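We call the chains A, B, C and D, going by the order they appear; numbering starts again at 1 in every chain.
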Amino acid sequence: MTTEVIKIKGADLQTEEMILNLGPQHPSTHGVLRVILKLDGEVIIAAEPEVGYLHRGTEKLAENRTYPQMLVISDRWDYLSAMSNNLVWCLAVEKLLQIKPPEKADHLRVIMVELNRIASHLVFFGTYGIDIGAYTPFLHAFREREKILDLFEEVSGARMTYNYIRIGGVMADLPADWVGKCRSFLEWMKDRFPEYDTLLTGNPIFQDRTKGIGVLSQAQAITYGVTGPNLRGSGINFDLRKDEPYCSYEKFKFDVPTGANGDCWDRYWVRIQEMKESVKIVEQALDGLPAGETNAKVPRILRPPMGETYAQIEAPRGSLGIYTISDANDKPYRVHVRAPSFINLTMLQEILVGQKVSDVVATLGSIDIVLGEVDR
Amino acid sequence: MTPASLFSTIRTHISDIREIPAPEAVAGAPAHEGKPYRDPLLFVDCPASKWLDLARFLKEDPQLDFDFLLMVTAADYLAPAPKMDVIYLLFSMKHRHKMFVKLSVPREGASVPSVMGLWKTADWQEREVYDMYGIRFDGHLNLKRILMWDGFTGWPMRKDYVHIPDRYDD
Amino acid sequence: MIGYFTNIYKVSAALLEGMWVTFKWMFRPSMTVQYPHEKLTPPERFRGTLVFDKDSCTACNLCVKACPTACITLEPYVDPATNKRLAKINWYQIDFGKCNYCRLCEEACPTKPVKSVRHSHGYEWAMTDRKEMNVKWVRP
Amino acid sequence: MILPVWTIGQKRAAGVLSGVIAAAVGIALAVGELPVRIAQIWESVLGLAAKKAVPAIVMDIASMVIQCSVIIGFISVAVMFMVWWERKVSAHMQSRLGPMETGGWHGWAQTIADAIKLLLKEDIVPEHASPWVHFLAPVVTFVPAFLCYAALPFGDKTISVDLDVGILYIFAISGISVLGIIMAGWGGGNKYSMLGGLRAAAQSVSYEIPRVLSVVPILMIAGSMKLTAIAAYQSEPVSWLPFLPKWFIFYPFIGQVSFLIFLICSVAETNRTPFDIAEAESELVAGFHTEYSGMKFSFFFLAEYAFVFLSSGMTAALFLGGGSGPLLPSWFWFLIKTFAVVFLFLWFRWTFPRMRVDRLMEFCWKFLLPWSFVNILVTGAWLILR
């Protein structure tokens, strides 16, 4: 919905707006996104985001790939948290097949998804620091993320496209000393949180750049269908891990951080607290790791019965949902990916009106979108 | 609220909508396929013309209060009868219940009233359905392609879409 | 008035704390691995470039079906005398331009003790021409 | 805080570093007071010239040429060192290594390689840029930096032009470089650099005032604008605190406030974080010097670092007692103090985020300016009551 352009007519002074293209080649749009800004001086009158530069047609691809092959494509949606994409696809197919993965598989899945959430929020923390102008937090965040990627590399073989969570369970059990390495990483991470708080969270210049900017009211958040940390930043306590617990989340005790008035600062603060919660969840999952095999019995050629289903999980960027219609042969008839970043980006055109140019970058960074997921 | 009670409250207000029954196992289906599965939610089929006031009723009625539009998508069917389904998934933040609404429209020149006024998230999702399936949404303020580039001809996600080889096919 | 000064104190204290963190990190050893001199050894399950074992492959096409991007093409060996297809391989080609290193082919391969198509630990491989991406193994 | 155990690489680096420092101190002691040395050489040259009956005018020109080349040579070497030093300091602060390969130990020749690369790069003039403005902008930014070094005291009596209005001269000349930035922003022709140029103009003009006003208390106490006089005034120990040297930074309230305001304003003057809105990477991509490449770009780079060295040199001269210090010769003390202040500049850059445009202006006009007035008031009162 393009807000109509307000013509500013001074009695004698005829100021006309300057059209500024933010992107698609721009360091702070986190990928290939173009925002057409109409500026009056430094104040923005209208903003129209333009997407589609990274559209790879995953929904068309899905229609001629078998169910296990689709996992490889799912890694490429939100490439910063491929584990969540794999998990949501496996949950959808397991719902169709009506099979329940064993206890140990659930625990392994929770560990991997939560570690992936920490890695994804670390990328947010680093790049948001750079958007506001501080360069050091980025390097510190990527140093921690490097440790997580090493853990993933040991367990699944790849650093970003894991393909680890499979339909009916997980690819393989943990390697021998993996749990020890994971625990030492968690200890290391716990010491880093106070440092992050002094470096960015407590920094008055940072607070001054983010407090009260890009305010998203609760009503706006709901009508724009915003989910995830952006919604919780506006104070609505909605987290799929608590509301519709999937793969044994109800066994873990963690609380859901919510912000107060939905500005960039709250969205940032919510993600930092979520990282701390994820560390707690991974610890509990590691303590209670049951024995037993890691895969349910799944036929080699998968033919789910007729029907349709909608499975959704709490991905780091919001509620990621898969709607599949199957007509009982080995390829899905129709797959639709409800991508949280695509829907969270819609609110950009209303929040940006009336802001300054340097706030555009702060607001866009605080929504934390990944273009792979926006364009699918 | 259970799907049945949901359906009855809606039925009292808007008469000509019908509930889509869950699919039963087709007689000759091989055993290993198992029973057809569908989410235990309410699936409602509504004619396109009645959709706008059904949507307004679902959103404003305090008992239902579907204030959150989770997803808008479409599906293209050739086999039993050529038709296209526009599928809405509605969710209520207060009552925490979900509901599917399907509008079946003809495959050529279909147009559905846009619900952009009620849920602003429909803006981009309806544009994506238009971009992929060619279903027009009247009342949409800015209906143009969102994922494909503007000069693209044809609706890519249709089952009978044939790709015109262009300079990218080496 | 007092609030004004306490605010100044709080702001400068927070700024100095931030500076202390970066100063502390200046004297700690760095994380960089200087690539040409020091090399990281990939873990045991690392998915490097694909390696194909010509002799053990029985041309059963399972890997071709399993590959999501259909980048494997192969031709079974036809015995010239009886022109019957044997369980041997004539040539086997992987188009690394399309391969996305997902290990599905290795998991689908039925050959016992060692799989005929599997991931090695190699990650240093570059080519100057697109055609070099189609790696072809020919069994004489 | 347990001191982390150092890796072999770090031990070796620490060894080499202490070796370099010991060598530098050795040279400093050997050379001793610079002016004495120069005076001796200068007498012998004059004697030679007198014998050959070389006219006096030629001698003056020769001395001027020598002084200019010494200053230009020193500045380019100092700037090259500072660029390399910033990359190493920022790297280690971010737990990485920075340049390691070029030139052997810790990549010391990295900046020389960069300079040569920039020299060889093609010098692109954008199509819709106005040629003259585009061409002159780097010159107007770069030349004032060098002019100001004429009046900078590198130790007691080692100063090329001992103006008695030294401080005023430096502030006036360094004001011109803002013009260069605006010309660069407008000359480039693209929207982003124009925004960058406008922002830089607004920022530099408004931070000039508190910067000048913060120096006024020192002039009032020292009684003259001559930099060497101010440095001399700071050399004896303070009467009531015997061990503390009489540097202006140790004056109870006046010294600290003016030191802080001067430091903050010089950071803002040189467009460095947290005030680098002119070339804010994330918003304006590279601000005013996006349209420059090759030699012109290196001029901007040189100008920025020359101004950083100039501001820290002035901070050392005004607040940390220029050349005064035990044992080592005065010019060596001046270099130590200046590079300490340069380290502060680097430290700020790699820790703080950037301030927003209007908050930055508000900070200057509503906070720094009133406090500099209060500072002058307090100094005045203290001078009368003393």
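As a working rule, a contact is a pair of C-beta atoms (placed from the backbone, for glycine too) under 8 Å apart; a residue touches a chain by one contact, two chains touch by 3 or more.
Keep in mind that this is a model prediction, so the values were computed, not measured.
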Chain B reached from chain A - shortest hop count over touching chains: 1
Most distant chain from chain D, judged by the mean position of its C-alpha atoms: B
Cα-centroid distance, chain A relative to chain D, in whole angstrom: 45
Inter-chain centre distance, chain A versus chain C - centres from mean C-alpha coordinates, in Å: 24
CA centroid of chain C to CA centroid of chain D, Å: 49
Chain centre separation (chain B, chain C; CA means) in Å: 40
Touching two or more other chains - residue numbers and ranges from chain A: 136, 140, 143, 199, 203, 205
In chain D, residues with contacts to at least two other chains: 93-96, 350-352
In chain B, residues with contacts to at least two other chains: none
Touching pairs - complete list by chain label: A-B, A-C, A-D, C-D
For the chain D and chain A complex, residues of the former touching the latter: 90, 93-96, 191, 195, 273-274, 276-277, 280-283, 285, 350-359
Chain C-touching residues of chain A, taken from the complex the two chains share: 65, 68-73, 136, 140, 143, 146, 150, 153-158, 161, 163, 172, 175, 195, 198-199, 202-205
In the complex, chain A residues that touch chain D: 18, 20, 26-28, 42, 129-136, 138-140, 143, 199-200, 203, 205-206, 208-209, 356-361
Complex contact set, residues of chain C against chain D: 15, 18-19, 21-32, 34
For the chain C and chain A complex, residues of the former touching the latter: 10-11, 14-15, 17-18, 20-22, 25, 31, 42-47, 66-69, 100-104, 119
